[in-house]
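What follows is a group of structures, each given as C-alpha cells.
You will see subunit A twice below: alongside subunit B first, and alongside subunit C after that.
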Partner chain A sequence: MNYYDLTEENGVVLVDLLQKRATMEVSKEFKEAFLNLIETSPSKNFILDFGKVEFVDSSFLGAIVSGLKKITALKGDIKILGLQPPVRAMFELTRLYKVFEIFENKNDAIASY
Partner chain B sequence: MIILQLKRELNKSNTLKAMILAAGMGSRLMPLTLTIPKPMLPIVNKPSLEHIVELCKRHGIKDIKINLYHLPEQVDHFFRDGKDFGLNISYSIEKKLWGTAGGIKRIASFFDETFVVLMGDGLTNIDLTKMLEYHRANKSKATIAVKYVDDPTQYGVVVVDGNNAIKSFQEKPKREEALSNLINLGIYILEPEILDLIPPKTEYDFGKELFPLLLEKGFPFFAYHTDAEWDDIGGLKDYWRVNMDVMNGKVPGYSFDAKEIRPGIFVHPTAKVDKKTLERAIGPVLIGKNSDISESVDLIGPVIIGDEVSIEKKATIDSSIILSNTWVGPGVEIKESVVNKNYHLSVPNNYGVFIDDPKILKTHRIISVNERINQFMINVTDRIVAALMLLFLSIPFTIIAILIKLDSPGPIFYVSKRLRSPKIDKQGKHWYVYLKEQAVKYYVFRTMYTDADKRVKDLKNKYEGGPFVKIENDPRITKIGNFLRKTSIDELPLFINVLKGDMSFVGIWALPTYEAESLLTSGLKSEGGEIDLSEMAHLRFEGKLGIAGFWQARGRSALTAEERAIHDSMQSVLTNLDSKQLDYLGEYAEFQTYKGYLKMLWETFAAVIKRTGAE
Partner chain C sequence: MTTPKETVSVTVPSKLKYCHYVSDASELLFKSKINFYSEELFNLFTQDMRIVMYELFSNAVNHSQSDCVTIVLSVDEDELSVTIKTKNNPFVIKQVNSYINEKREYPLIVPPFSNEILGSDFVVYRDYEYDIYCRVTGPFDVYFRIEKNISREKHEFDIPEHYGLSLITKLTHYTGYYRSPDGYDNFTIKKRIK
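Our next item is the complex of A and B:
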C-alpha cells in the first residue's frame, strides 16, 4: 500500500501523507516503509505533510517518533506541516510539539532547513 | 483627482495583519502560570489575550497570528480558528522559544503586508488605526508606540529627535542616567521588508537586536506617542493591581461579561449566589459563569470571582481574585490574594502557599449530565464484568494456584505497590510527587522466583537505561511464570482490583514505584539526548489507572519504550479532556464516552486472545 507521495524541493524531502486516518491499521507497515525511506534517502531533511490527515492515533505518532529517532542519529530532522485542528491539538496536548518543529506554511518549513 | 487617487492608495494600504506574542513562560507569575499560560490569565474574567484580540478587531484587523510555546492547547482551544470572534486566527507553535523577532522570522511568509506586533499578556487600549496613519504619513518602515512615564527605570527607554525619528535606545537605565522618559510599549508596526534583516534560524529579539540594527542601517524608524492605557503585567503584584484598578473604574472602557444587579455588583446570569450574601456584598464585585456562592459569605470588594468557582458558607473574600475552577472551603478567609485551585498567593507579603488540603481549596469543575452518565455506566460495567469474570475464572484460578505452588516455593500472588495517579507538580526545575492517596496494591500471579525483586535494580542497569524493562529470557522468571506472562493470565487477578474500585478496565497500567521514580527523575531521552520525550512521558501520571491501555491493546512488548510512553500519554490526555474541548476534537472525543470504553475493552481482549506482541 502506498502511504505517501514523495517530492523534493531545495534538497528537502516532502512526504505527503495520503491517509485520512493514520491509525494502528497502517502504523506498523508505515513505520517500516518510513524507516526504510529515511535510510535510503540521500537527503535526511524531511517534511511530513499532514494536510490530508484527519485523525492520528498513538501508534502512528509512535511510528513518526521512531522515524525522528532514526533521522536524528543521521543528522537529519523531520518537520511537521499542515496539521488539521484536532491533530494539532494532539501534538499540543501530548507535548510532541517540543520534539517536532511544526509549520503551517510549506515555504517556511523548507526555509527552516 | 489626485486626492481621490491618494484616498484609494490609503484605503488599499489600510489593511493590517497582527502578530501577537504569547509564547513566553510567564515565569514571574509562577506558580499561576504552571497551569495557565500567562496570556490566558484573566483580567476581570477575560484572558488578557482576548482583550488584545478584541483590540485588533476594533481596528479592522482580520488576520492574526499568535505564537505559542507554554501550554499552547489552552489558547488554541479558546480561540480556535477565530471564527467565533469574526477573525482568522492561526498559530505558530514553537518547539523552542525563538525570541520576539525570531518567532516572526520563522513564519515570515505570513507577513506579506504591513503588520502590527503586540504582546499577548498586557492590557492596552491603544488606537492602532491612528498609529497606522502615523506610520504611513511618515513613510516609516518601523514604528514603535511610546509613552511618557515618571519612572522609566524598569523599561526600555527610547530617545527621539524633533521629528520623532528614533535616535537611540536604553535598556532599564538608572534614574540619573535615563536619557528620556519615553518608554517602549512593545507595540510595533512594521513593513515586511524589515524581516529580511532578521537572521534565519536564530533566537532574535526586537529590542536588543533588531532595533539597534535598524538604526545602524538608517531605516525610517519612528516613535508614535500615545497616552493610551497600557499595563505591563510582570509579577503577581502587577497582575493583582491591574485587576483591582479595572474593578475600581480606574481603567476606562471596560465592560464586564455580567449583569449589574445593583451598583458595583456584577453577576453573570448563570451564577448562583445566595440572596443574603449578595445583599451584604460590598462592591465592586464580579462573579463569573456558573459560579456558586453560598450563604453567609462575605464579599468585600474589589472581588473578582472567575468561572465555575464554588465558595462555601462563612468564607470571606476581601480584595482578591479567585481564579476559575476553584473550590473554596467553609470559613476560609482570603484577603488581598490571588487564589487558584491549589495556591493561595498573598499579594502584600509576596508569599504563596501550596494547599494540599481538599477541605480548604481544590479543583472544581462542573460535570455535564452526559459525562456523569458515561462515568456511571463505566463504573457499573467495570464491577459487573469483573465479578462475572472472577466467578467464571474461579476454577482455572485454583488450578493455576496449584501449578505455581508446585513449580517453585513461594506465595501464589505477587503483590506490588503501584502509585495511584500521583499528583505531580513542577516547581522551578524540580518535579515533586504528591501521594495524595496510598499506593494501590496490585495482585498478580507470581511468575518469578521469590528473590527476584531484590535483584531487579542491578538487572535494570545491565539491560537498559530507562524504565519499562522487559527482558527477553529473563532468568528471574519461573517455568509456569513464563507461560502465564506470555498469555497475560498472570494479570487476571487484577480483576480483584477492578472489583474493589482501585482501577477501571480501561486505563493506564500503573508503574511500580521504582519505575515511576526513575521516569520522574531521569525522564525519557534518546541515547544522545537529542530527543527529550520526558515531558510527554510524564503525562501518564495524570491518567486513570486500568488494565486495558492503548499499548496493551496495540502491540505490547513489540513496542519501544518511546512508543509505549506515547500510548500511555495519549490515553492519559484523552481521559482528562474537559467537556469544552471535546466537540473540537472530533473522533478523539469518542474515547471518553461509554462507547469508547467498550471499544477499548474489546480491542484489549482481542489482543490478549490473539496474544499479539507477547510472543
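Our next item is the complex of A and C:
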C-alpha cells in the first residue's frame, strides 16, 4: 500500500499522508516504511502533511513519535502541517503539540528549517 | 426520581476492521439515548467518546487475542458506562521509567496480583503534564487515575509511544479493569453526561 506521496522543496522532504483514517490498520506498515525513509533520505528535514487525514489513533501517533526519535538522533526534525480539528484534538490530548512544531501553511513550515 | 439504567450489549469479531463500526454505532446510540442540553455539548461528548470507543476496541483486539469482543453500554441520566469484555490475555501492568536516563527494565505484572502489591500504585504513562497511575485494588482488579504534574522539559522524560490508555483515562472519570471468575477480562470506563 502507498501511505504517502513524497516531494522535496528547498532540501525539505514533504511527506503527504494519503490515508483518511490513520489508524492501527495501517500504522505498523507505515512505521516500517517511514523509518526506512528516514534512514535512506539524504535530507533529514521532514514535514508530515496531515491535510487529508480525518481521524488519527494512538498507534499512528506512536509511529510518528518513533520517527521523531530516530530523526532527532540523526540531527534532523519532523514538522507537522495541516491538522484537521479531530486530528488537532489528538495532538492536544497527547501533548504532542509540545513535541512537534505544527504549521497551517506549507511555506511557513518549509521556512522554519 | 432517577431514570432507570438502559443497557445495550453487542458482540463483534475481534478484528480491527470493526473499530469504526463500533465507534459509529456507539455515536448513534448516544444520540438516541442521552438528552444533551445543547448541540455543542453533544459534539464535545461524541468527539471524546469516538476516541475512547476506538481506543478501547482497538486495544482489546490488539492485546487480548480473543475471538470476539463484547461491548456493554449502560446509560442513565448522569453517566455513561462502557465495558469491553474479552477472553484470553489478561491486562498486564507495564511500568514506565521516571526519567529519560533511567533505563530500568521493570518486570511485567500479571494477575492474580500478589497480596504484597495490593493498594500499590504503578506509573504506567508519563508525558509533559500528566502521570497515569495504575492502582492494584484486588488480585484481579485495578483502576487508573491521572495526576497533573508540573510541566516537564522535553529532555527530562522519554516521549511516550503508547497513548491508548492515557487517552481513555484523560477523557473519562473512571477507568478500571477486572478479571471475573469466569475468566473474562473487563475494561470499564465511566463518563459523566452532565
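Everything that follows uses one rule, which is that the second predicted complex is superposed on the first by the 113 of 113 C-alpha atoms of A that agree within 3 Å, B and C clash if a C-alpha of one lies under 4 Å from a C-alpha of the other, contacts with A are read in each partner's own complex, and residues count from 1 in each chain.
The definition used in the following text is that contacts are C-beta pairs under 8 Å (C-beta built on N, C-alpha and C of every residue); 3 or more make two chains touch, one makes a residue touch a chain.
None of these values were measured; they are calculated from a predicted model.
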### Query
Are subunit B and subunit C a fit on subunit A, or do they clash, once the structures share the same frame?
clash
### Task
Could you say whether A:Ser43 touches subunit B, subunit C, both of them, or neither, answering first, second, both or neither?
neither
### Message
Per the contact definition in the header, classify A:Glu25: touching subunit B only (first), subunit C only (second), both, or neither.
### Response
second
### Message
Between subunit B and subunit C, whom does A:Thr7 touch in the aligned arrangement: first, second, both, or neither?
### Response
neither
### Message
One more residue to check, A:Leu68. First (subunit B), second (subunit C), both or neither?
### Response
both
### Task
Return first, second, both or neither, reflecting whether A:Phe100 touches subunit B, subunit C, both chains, or no partner chain.
first
### Query
Thinking of the overlay built on chain A, is A:Ser112 touched by subunit B (first), by subunit C (second), by both, or by neither?
first
### Query
Per the overlay, which chain contacts more subunit A residues, subunit B or subunit C?
B
### Query
Thinking of the overlay built on chain A, is A:Ser59 touched by subunit B (first), by subunit C (second), by both, or by neither?
both
#### Entry: Which of subunit B and subunit C A:Arg88 touches, first, second, both or neither
first
### Task
Share the list of subunit A residues that count as touching for subunit B in one structure and for subunit C in the other.
24, 55, 57-59, 61-62, 65-66, 68-69, 86, 89-90, 93-95, 98-99
## Note on the structure
Given the complex, residues on subunit C that touch subunit A span 16-17, 19-20, 47, 50-51, 54-55, 58, 62, 127-130, 154, 159-164, 166-167, 170-171
### Message
Which stretch or stretches of subunit A touch subunit C in the complex?
### Response
21, 23-25, 55, 57-59, 61-62, 65-66, 68-69, 86, 89-90, 93-95, 98-99
### Task
Spell out the part of subunit B that touches subunit A in their complex, as residue ranges.
72-73, 76-77, 80-81, 90-96, 106-110, 200-201, 526, 528, 530-533, 535-536, 539, 550-551, 554-555, 559-560, 562-563, 566-567, 569-571, 573, 577, 581, 584-588
### Task
Under the touch definition given earlier, write down the residues of subunit A that touch subunit B in their complex.
24, 28, 54-55, 57-59, 61-63, 65-66, 68-69, 72-73, 85-86, 88-105, 107-108, 111-112
